[in-house]
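As written, the chain order gives the labels A, B, C, D and E, with residue 1 at the start of each chain.
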Amino acid sequence: AADTVRVGLMAPLTGAWASEGQDMKQIVELLAEELNNQGGLLGKQIEIIAEDDGGDPKTASLAAQRLANSDVVAVIGTYGSSITEASQAIYDEAKILQVANGSTAIRLSEKGLKYFLRTCPRDDEQGKVAAKTLMDMGFKKIAILHDNTSYAKGLADEAKGLLEKEPVEIVFYDALTPGERDYNTILTKIKAAGPDVVLFTGYYPEAGLLMRQKMEMGWNVPFLGGDATNNPDLVKIAGKQAAEGYYFLSPPVPQDLDSKAAKDFMSAFKQKYNAEPGSVWAVLAGDGFNVLAAAIKGSGSTDTEKMVAYLKTQLKDMPGLTGNISFDEKGDRVGDLYRVYRVDADGKFVLQP
Amino acid sequence: MLLKIENLHVKYGNVEALHGIDISVEQGEIVTILGANGAGKSTTLMAISGLVKVSEGSILFDGEPLNKLPAHDIVARGVAQAPEGRRVFGTLTVRENLNLGAYTSNDQQKISQNLDWVFELFPRLKERRNQMAGTLSGGEQQMLAVGRALMGNPRILLLDEPSLGLAPLLVKTIFDTVRQINQAGVTVVLVEQNARAALKLADRGYVMEVGHIVLKDSAANLLANPDVQSAYLGGRG
Amino acid sequence: MEFFFQQLTNGLAVGGIYALIALGYTMVYGVLKLINFAHGDLFMIGAYLGLTLLTALGLADHLSPFGVIALLAVMVLALVAILGVVLERVAYRPLRQAHRLSAVVSALGASIFFQNIVMLIYGAKFHVYPHDLMPRTVVHIFGMPVPLIRILILLASVVMMVGLYTFIQRTKVGTAIRAAAIDQGAARLMGINVDRVIALVFVIGPALGGVAGLMVGIYYGQINFTMGWIYGLKAFTAAILGGIGNIPGAMVGGLLLGLIEAFAAAYLSIAWKDAFAFCVLILILIVRPTGLLGERVAEKV
Amino acid sequence: MKNKRWIVYAACAVVILISPAALNRYWTDVLNVIGLYVMLALSLNIILGHCGMFHMGHAAFYAVGAYTTAILNTAYGIPVLWLMPLSGLLAGLFALVIARPIIHLRGDYLLIVTIGFVEIVRIALINNIFGITGGANGIFGIDRPTIFGMKISTPGQFFYLIWFFVAVTIYLFRKLEHSRFGRALNYIREDDVAAAGSGIDTGHYKLIAFVIGAVWAGFCGTLFAAKMTIIAPESFNFWESVLLFMIVLLGGRGSIAGVILGTFLVIGLPEIFRQFATARMLVFGVVMVAMMIFRPEGILPPPPRTYRLDGDTGPEEAA
Amino acid sequence: MTLLHLENLTKRFGGLIAVNDVSFDVPEGAIVGLIGPNGAGKTTVFNLITGNYRADSGKIVFDGRPINNLPTHKIVSLGIARTFQTIRLFQKLTALENVLSGCHCRMKSGSIAAMFQPPWQRAEEQKALDKALSELRFVKLAEQAMNLAENLSYGNQRLLEVARALATEPRLIILDEPAGGMNDQETARLIDTIRQIQARGVTVLLIEHDMSLVMKACEQIVVLENGGKIAEGTPSEIKANRRVIEAYLGTDEE
């Protein structure tokens, strides 16, 4: 452990979420490489130790044990709340700082764990924004569709709870099965309920199919999606025509930020991988790395206590890939992060004013 | 010489079941193989048909080695077998079973001739031609197994206990049939527990014991041989 | 009423695809008594190969949409069939004498292998077929709009079923296939080249699966490396529902499963539809232990 | 011959026992997971290996046990280990109810029905059935077990807890195998018509086999819940059942030693293959196929049972 | 005294009447033969008695108790054991274990007892083992005890089936073509074995096409044809019965 600073990355490199996990790895490795080219941290090179959590809790707990044993100063990850949860206790017991990137369940930061932080916002945050957006847009009859994953259900419930207090009617509330291809049955059923808008809280592959099949049905209802649909592949799957007019909520993606950090990252990423970064979650893992780097630099040490203290108290509005970053006492990211996006006719995600 | 087996060894796993046997069959003969349970009679027939691997020795059919050929090629050369345990295709109909007996032949006319002949031999099968073979009674299945082997115009017919489970009347029919087929020019190798009947029918016979041929002679001599009598003919019948 | 009819066509469209995959499943099962868990993955590979060929050869620029699809279908069919034969050769043939379940584990291993090799080659991302490949023609039946492609998929599965059924039941080779399924040794004694018969089955089954994958790709657009697992399980369920090993059964089972899912989602709960479908399956099997069209041969003792 | 076998087993046991001392926490935890799967696989082995029923839904029973523990512990604070018998009982009861109508199904039909059960259970859990399963979030905050006032929390502590139960399982199941009951299951597996013809109530035994397997899976559920402190539906999906199914077949149907070895391979190999990163499951798939081809009846098929025949009934008297 | 009583038994398979209104009695202690042409319905009668098939109509009374609708294992524990026309042994198990399966229905211990093995359970196991060995010795297969059933020769497999059936301590044993595949000498030995079974007080009902066995061993013979009973009587009566000769035996011209 003497000559390098080892940073763990726990990500779903195989299994159903492999695409997210592999993006996370690419981004974090890119950032580490850049930092190393600038001389690393505390005069040492950074080494990324990536472990596969397979997207399932059991494998995740093993991956966590493994990282806890490999002298890492901190761990980035992971995607999926229950996966993260399976690893939390292990890092806590081992006194390792964990910065989660795609785990939005509220409870993760409500347990009073000292060394847990996350760069992603919480479900209640997004739920609030979703309800507010729907109200602002003036919809009266709302259908809510989730996919029974812990994230999507959480968001759907959160929004539903808030909307029920408002003078709107929730005409439909149910879950689809992710991974299927044909959602015509569901669309037909939602259509029969007659909503003005559909709030879909699931992920982009299903959202894309829903948009496409909705168009083929000749049905013209607006859709509002959650941040899990912020992925360029959404448009690829739906087709530009079908995707046009789709709204979704998301923390800002690097493309939309004016900060230097974001711009540099975008060009570096394009140059290295010849593609645009995928989902915002992977980018949030990148921010996790940036935050860690800042903590080490700022506290001048790789001591967990010092890093955590620095992040929770001293780090303020650090410019990240997804906007400015600060943390509260619980380790949650503060600030209203969410923006509304709309897909335009070219399939571009346009930030709404 | 139609069939010539020399120094045949067969192994099941590590256990050798045949320890080097020699059998020869002339064109047009009926040859019977006698022997107690587990002597290796069925194994011999299976080796000829290519269903068990020969570990040593050779099997020549019409001067051509069989033991390197795959089983289906052996059949195509005119070696048919009605195997031990009948092995009819249970979920196929009687008709389909019989048609499979003529799988290697393409002569439709000949096939339907044979079918008529088999149905004549075993009227029961005709009656049941659309029944699933697996639901036939034991004896009916035996008829089917023999009938199926007759369908393909074999040059040599290997029969493994064809009379097993048949009613006395039908046992006679079977032996008569074998004689008929033989007279029509088909060579027959017959394995039978009903040794007396088999010897009466056959030209020559072999006696096997635990994987060896211990005796070979003309059928008449074997029938008269006191050792054979006491061991296989149950004293007197 | 319109809602009902819409859901009916929705169910039939899904069911048609299940049926198509189930046909290949049942075909392989019928001969080897092998639950080929890799079948779903061959389906998935069919979808990927279709996309690769389409983009690599730039077909869409030169041919009419139906020409493109027909040509793709032929190529995918051939390639997946080759893969199927190789799979049989490598993973199943050595296990022919072993216990039935040994081959199932081998199939599961092959399934894991296929999924991960596709993930490594193509990446874990979703891949998408061009959207304009298939003209989005809509025809009207009793005044209800139905996309043409749904009718084509249904038609394709009916044609394949009838073709297969005739082939298996009426032809000499078909009888040989069934015979080999029952007793390979006895089949050899009839002069049947069992290896070839089984290889033939592994041409037909996987080819059907591959084409089904292509159709799913064209129809829904979105494919990924885990799709075979979900569709495979559904198709297996469909095949069992109809009576595994039975070709019309696979068809009936597929369509029925599609309909059950559609109506469960439409009139009960979407989130519970799969559970409901399994409940119906279980109930049907309690009443008819060998599926809807499965043979009920009382075992002769 | 027989003695040699025992020496090997004893050596293995000793190696396993002292291993936490030599291993880091990660590898100890891998052994813990293996231990859990050994128990699960041994319980499936009763159903699949001994009785020959194609059961690919074992995770359903495991889930019942885990959720029983999690719900009762988080809601009423009942100590985790006290819940073990209850979890087993409920899982067994559940098996009894669902297996009764389907137990007569043959081979693949039973297979799909059991897959159906595991899917139904998972869907029910995800949809927060009765409002007590926590939906997709699952249940968190399960207490660590305590033994004689000592809290079990590190991998090393869990190691001894889990492997203690593994040892008990092996001991009991070995006795079970070598008994009237174990033989009856084997007869049914070989030929159930003949088994009935020998006076064995096949339906009853199949059911009991199911229940015993389920009870044990329920016990494992408790240990799993205690170890993870959080459980979620995806821990009990169809794939888990498939893994267990593969373990039993790969190890050798009906062989305790084989099943244990199979678990080490199926659960351990992907961990060893971590060096292949994204290709690790690919390698795993290839290894599965290869192992099956080289050992079609499993790595260690069960040796024939031996019986102590009394001297005076020796064969020489027989002729 | 009548041990087994069949009354107007009928069984159909689709349109086929496999057993048609058959009645006969098996007296306690006797050896009764059931013969008839192939497909006459003999095996079906056996399957009806042992509960493998359900009769469409008619009555089966064993020892004064109707057993029509009982499951097979119940019937076995009441005291009827059988062998199968096509051998159905547990091929991958040893000969000893095959016979032990027969002891099963006379034992009590279940899964819990198995796990904790109280003394009575061990005693029971030992008793069963002794019983199985003695049955093996009875059919002269003790040397084969540890061989797998599949490795026994065909004739020995048949004997093993008999031993397994005997281990259930039956009062009636029914044998379906026990001499199938045996040569004359082996058949002669089988006749001895059957007589010894009778001497143990077990009633025997058997199907056989080997007339030497039937005529020597049986005291009473029932003849079926096309599902119906066409004759019943002592061997000499049956041998002389014109109808039986026509339908089954044929004239012994040689």
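Quick notes on this one:
Criterion: contacts are C-beta pairs under 8 Å (C-beta built on N, C-alpha and C of every residue); 3 or more make two chains touch, one makes a residue touch a chain.
Since the model is a prediction, treat every value here as computed from it, not as a measurement.
Touch-path distance (fewest steps) from chain B to chain D is 2.
Across the assembly, the mean Cα position most removed from that of chain B is the one of A.
Centre-to-centre separation between chain D and chain E, using Cα means, comes to 40 Å.
Mean C-alpha position of chain B lies 43 Å from that of chain C. Centroids built from CA atoms put chain D at 32 Å from chain C. One finds 47 Å separating the Cα centroids of chain C and chain E.
Residues of chain B found to touch two or more other chains are 135-136.
Across the assembly, chain E contributes 13, 43, 52, 84, 88 as residues in contact with two or more other chains. In chain D, 126-127, 193, 278, 281 are the positions where the chain touches two or more neighbouring chains simultaneously. Across the complex, chain C is touched by residues 54, 101-102, 104-109, 111-113, 115-117, 119-120, 123-124, 126-127, 193, 238, 242, 245-246, 249-250, 253, 278-279, 281-282, 284-289, 292-293, 296-298 of chain D.
Residues 172, 175-176, 178-179, 182-183, 185-195, 295, 297-298, 300 of chain C touch chain B in their complex. Across the complex, chain C is touched by residues 14, 16, 18-19, 21-22, 148, 174-177, 179-182, 184-186, 188-189, 192, 205, 208-209, 212, 216, 218, 233, 236-237, 239, 241, 278 of chain A. Remark: chain C residues 29, 35, 90-91, 94-95, 97-106, 108-117, 119-120, 233, 236-237, 240, 244, 271-272, 274-275, 278-279, 281-282, 285-286, 289-291, 299, 301 touch chain D in the complex. Put simply, chain E touches chain D in their complex at residues 50, 52, 71-74, 76-77, 81-82, 84, 88-94, 96-97, 100-102, 104-105, 107, 109-111, 113-117, 121, 124-125, 128-130, 133-134, 136-137, 140-143, 145-146, 148, 164-165, 167-168.
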